[in-house]
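In the two complexes that follow, chain A is the common piece, with chain B as its partner first and chain C second.
Moving on to the complex of A and B:
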């Protein structure tokens, strides 16, 4: 293993490592445009030049393999001078329209200019203008060729990650420009990632475009609820300026690096799957057509449960839980429906059609916590069976968590269920067709308002953090169940989801030794 | 001295400076101490006559001085000596300094559209958060961004002028010379793009 010195710090790395990787390991930041750890090295931007002792010329850090005894300087006067000139070269044809550019604030060209450039413009000629300013190259991405610095990150992304090869650099010299191949469109299922990897504002997100300046955004770590892959994401939200986006809070989702799950990527479905957080939400508890208070709502449900419990007919309770809920929610559901109301029929495995899938990230199971639900709920009933029983009048109280039964079983079945059961409770975050048939609607919070854990298809337990308070009167799913449980005379000792997780870790072998601190933001694998 | 010290101690009994409203009580204490230590007035002071006459003298001095010189100025005499300066506001407004910050306006391009490119710099820098810009894609592909709406709440504005300083396009200026922006409601103090451009 070669041993080298970077800026006076010693590091030992495996042979074949490049200088930039070794510097990253030491936490030394070398500027970069074309280098991306997940893409093949291209070495065309030349900003990562470093001084290697005993070599007459500066070397590019992204492509120079380390050697034993190498001494590297990343911020010597010579290196800083070269960075400045490289920046000047990259900016020759850049329009510097930062005020209208969406990338401003997270643009590496801006950052490095402030850090290393700071030169006075020596440009005497006019900048080369491209034919069009910004134009759409697909359903999700806009391209502005003038801003492009031809780092070819997007080209390599399309060539190696998605293998769809939409991008190319056309013409030569001053006239080279990035474009999609004639007749092609950037419409693969990972197209949004090119916006993330673009170091400048050449590729911008059509969905996010002009919605909000990036410096208004707050970030909260989370996990994508779109499928069982559980890609790590950052929820980026803004509450301070509601006029800019019709009072919506979440502005965009960005992938968060996790080498074991999603690396640097996320699919487009997951990326744009955030509108439901702010739109079409159930705001208040609602009994038939009347808006009621939480006290009244809890009273209504608990009276129904109590009468069944007192007459030993808890088997006439049907519960359709959901793999969209967190492990904590499911644990409280199990405690309540399987211990307090022992005998209730609980299941979460709804007869859904498997969705689309591929070899990269998209999984056919569209629920983020199926593995966790299997582990925690240990369900024995069958959702189709519960629905059948509800239809034939063998169930008195049907409690549904967020599922759209109309989509699953058809309108007529749900209509009949609503007629046959005495109390049909729908607890969910968004309005759907089932809501109009349910007798009682309870508003619950969405994943961005919850703290908890999801278990993905790799059996990896991953944390989600609450970004903001639940909308209107909605409450967390486990909080609602705790209220019910307390009303039935079996109060649960939980104030916070962390306490529930401690209980999960203590009572279940597969979760043993896990804590929120240990799971952190990279997740932990379940024990077999 | 001994007497005043004693009085202070007496007062401290009633006003506990360490209590929950400490500061308030200290100020009460000071006021009470001042009142109890006030000097006794003498005979002439008690009649109020010396102060009355000195006040009448001062007022009359200015009155006759100004009447004399303003009348003389009317006939074009003694212009070297100035009378008191008076502006007949609001009929005759006072001249404003050229750099005085007055009500904002949005400057226009040659075609009459706003110069603003909705970069949100002013909205970001505004310490009073009185600017609300809604950006949108411009129909002309050569112009990227324009303000679909530009709202400035003069009820909140503190007239710091940061928005003018920060604007990269010289799109907002505070040079209308308008200072009288009193309104009957808060809503009418909220200026939209049209009002900022045309009024």
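Moving on to the complex of A and C:
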């Protein structure tokens, strides 16, 4: 393997590695516009030029392969001068409309100018005017041609990742402009990613545009709950400006790099699946039409459970858990319903139609934790059977986690269930049609308010982190069950989800030796 | 003086196969295929000191020897007849007046490099060239000089004529390959060079028309004869295209190493109307401009390089003392801004910037700082781009400013005075 020196640091990398990859490995940041690790090299922006000893001309780091004994300088005076130069060229026809540009704050032109530019402007000329400014090129993305630096990342993304080839660079010289092909729209399942990879303000997100300046945003690592792929994401939120966007906290979701799961990408469905976090939430525990306190709510449920437990009729408890819940939630549900209330009928496998899927990231199973639910819940009943029994009066307490039974079984069935069972509990984060039939609604928190883990379709256990506190009176799912368990005289020793996970790791072989620290932000595969 | 490439240009219907055959046509191809090994052909061409006459001057035989024969992929020969360099019009005459000489050169070259398919890429505006070459190809197919088992040998060869679509950059060899493949003419990142990964990903030799037209005479008369015609490391003659302020503009076939003065005054008849020479571009618009004190330079690749210019494509553009050098610089800059492919940022943004700057200077709308900035801007393009186009912008426009700075300064003063009225 070639051994080379970059800025005095030695590194050994496989043959065929480029200088920029070797530098990345060393943590040396070489500026880049057109280079993206997941896309073919184009070599057009020229800002990554570095000095290679014994070579008369500067070389582009993104394309030049390393060689044994190579000595590279990434910040010699010659290199710094060329960076300045390239930046100046890129700004010749750039409108520099940062004050009204949504990219401001996360723009590579701004960033590199602060780092390497800072020259007095020589750009007194009239700029080349391009055709499209703030132009919609599809349902989710806006194009501004004059901000475009023609790095062609988006072109290469559409050519090689989605293979849909919507983009092209038209015309030539300084009249070159990025556009979608005539008659085409940028409308594939992964369109939003071009906004992420666009280093400047040329491609912006129609959904996010002008909602929030990016420097107001806080970032929390998470995992997309939209399907069983479990794409790694960052929840980007803002609580400083509650007067805007109806107090919404989450402003956007961004993909988070995980080479083993989603690489740099997420699908559009996942990207825009965040409004439910702040909208249409169940705010308070509610018994029929009355808002009640948590104490009253816990009392109501525990009284019903206690009488069934005391009379050995726990088999008249039906529980429809969910693969939307975390492993920790499910572990506590199992402990409570299958140990404390042993005999209760528990399952999570609702009869859902498989959703759309593709070969890239989108999976037909729209739950983030089916693998975890299978492992942890060890369900022995069946949802269809539970519903049937509830309908025929063989169940007294039906406890549903998050599912919309109306959608699954139809209005009439749910109406009948509500009439037949003595207590119909709906524990969930958002209002749906089932809520109006449930006797008791318990507000639970959404994934962005939770700490815990999901197990994806690759059997990879991945962590989610709470971005902010649960909305209004909502509580975490396992926390609600803990309250019930305590009320029934079986207090659980958990203050924090990490303690639950320790118990999962201690009691289940496939999780053995896993800890939150080890899982970290890249996940860990379950043991076979 | 012995003519090589142009020796048949004076004949009537020199482009017809029958006439070519009367002049011993296709004998060299027959000799190469039946009496020589491919390696021997390459060796002969190496010894002849034939160099790439498209402008780069790379030794032709050496280029051919780079083709990896162990590579199982097909090998291609591509003839670069894009001839887009302003001031250059030599390949056009070969296409029109002696297309069979080119075809014979193609046969020999293909045999030498183990190729069975050649593409002739012809500038799209050259309608007559396209017609003549296609006619010649058809004739050659009909008479068994192209196709399967040519001239009764076991050698197969196909030739395809392909018209360009008008972009100057498609004369850059890798942009030409992209164009041939049906893509936008963007130069490729190098390495790999075309000899290894060329047309359709296969090993490819790309040669200029004139270069290949020199090959049959070399095979017929021997490398030594050819090498002796030129200067030390630059064998044979060269077609010089003389245009601008001369009495007899045209294409002149002269030995490599003839001085610029000789070409302009002895062959092209000097400057008309008794005026004085002010500047000469020696090798197409990309070559740095020369001043009258440099006229004794020998016109070959190495001598021109030594004085900071280049032999390029052999396009000599002569300017007399009535020429406004700022205007000339503006024309050159406008050409580059118009033809930059726009792929990489220094050239895309820089060429337009340079043009606007020079244009302002020419129109008297510039200030001193515009002129002061110009050499720096121009310099920042060269050496930092994907292909040599950026270097051309740098060297060409830069040379006007450095050699005629006084005229640029004068424009600022005039403009300033006028604007103060």
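Keep in mind that, in the parts below, the second predicted complex is superposed on the first by the 526 of 528 C-alpha atoms of A that agree within 3 Å, B and C clash if a C-alpha of one lies under 4 Å from a C-alpha of the other, contacts with A are read in each partner's own complex, and residues count from 1 in each chain.
The rule we apply is simple: a contact is a pair of C-beta atoms (placed from the backbone, for glycine too) under 8 Å apart; a residue touches a chain by one contact, two chains touch by 3 or more.
Fair warning: this is a prediction, and the values are worked out from it, not measured in the lab.
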Original post:
For the three-chain model obtained by superposing on chain A, do chain B and chain C clash or fit?
Top reply: fit
Subject >> Partner chain in contact with A:135 - chain B first, chain C second, else both or neither >> reply: first
Original post:
A:93 contacts which: chain B (first), chain C (second), both, neither?
Top reply: second
Original post:
For chain A, which side has the bigger count of touched residues, chain B or chain C?
Top reply: C
Original post:
Touching A:244 in the superposition: chain B (first), chain C (second), both, neither?
Top reply: first
**OP:** Applying the touch criterion given at the start, work out whether A:175 contacts chain B, chain C, both or neither, answering first, second, both or neither.
**Re:** second
**OP:** Return, as a multiple of 10 degrees, the angle whose vertex is the Cα centre of chain A and whose sides reach the Cα centres of chain B and chain C.
**Re:** 100
Subject >> Overlay on shared chain A, then closest C-alpha pair between chain B and chain C (Å) >> reply: 23
Subject >> List of chain A residues in touch with chain B within their complex >> reply: 97-100, 104, 132-135, 209-211, 213, 215-216, 241, 243-244
Subject >> chain C - residues contacting chain A, complex >> reply: 167, 169, 184, 189, 337-346, 348-353, 356-357, 369, 373, 377, 380-381, 383-386
Subject >> Contact set on chain A toward chain C in their complex >> reply: 41, 43-47, 49, 57-58, 60, 63, 82, 85-86, 88-90, 92-93, 122, 125-126, 128, 149-150, 169, 171-176
Subject >> chain A-touching residues of chain B, taken from the complex the two chains share >> reply: 117-121, 123-124, 132-137, 141-145, 151, 168-169
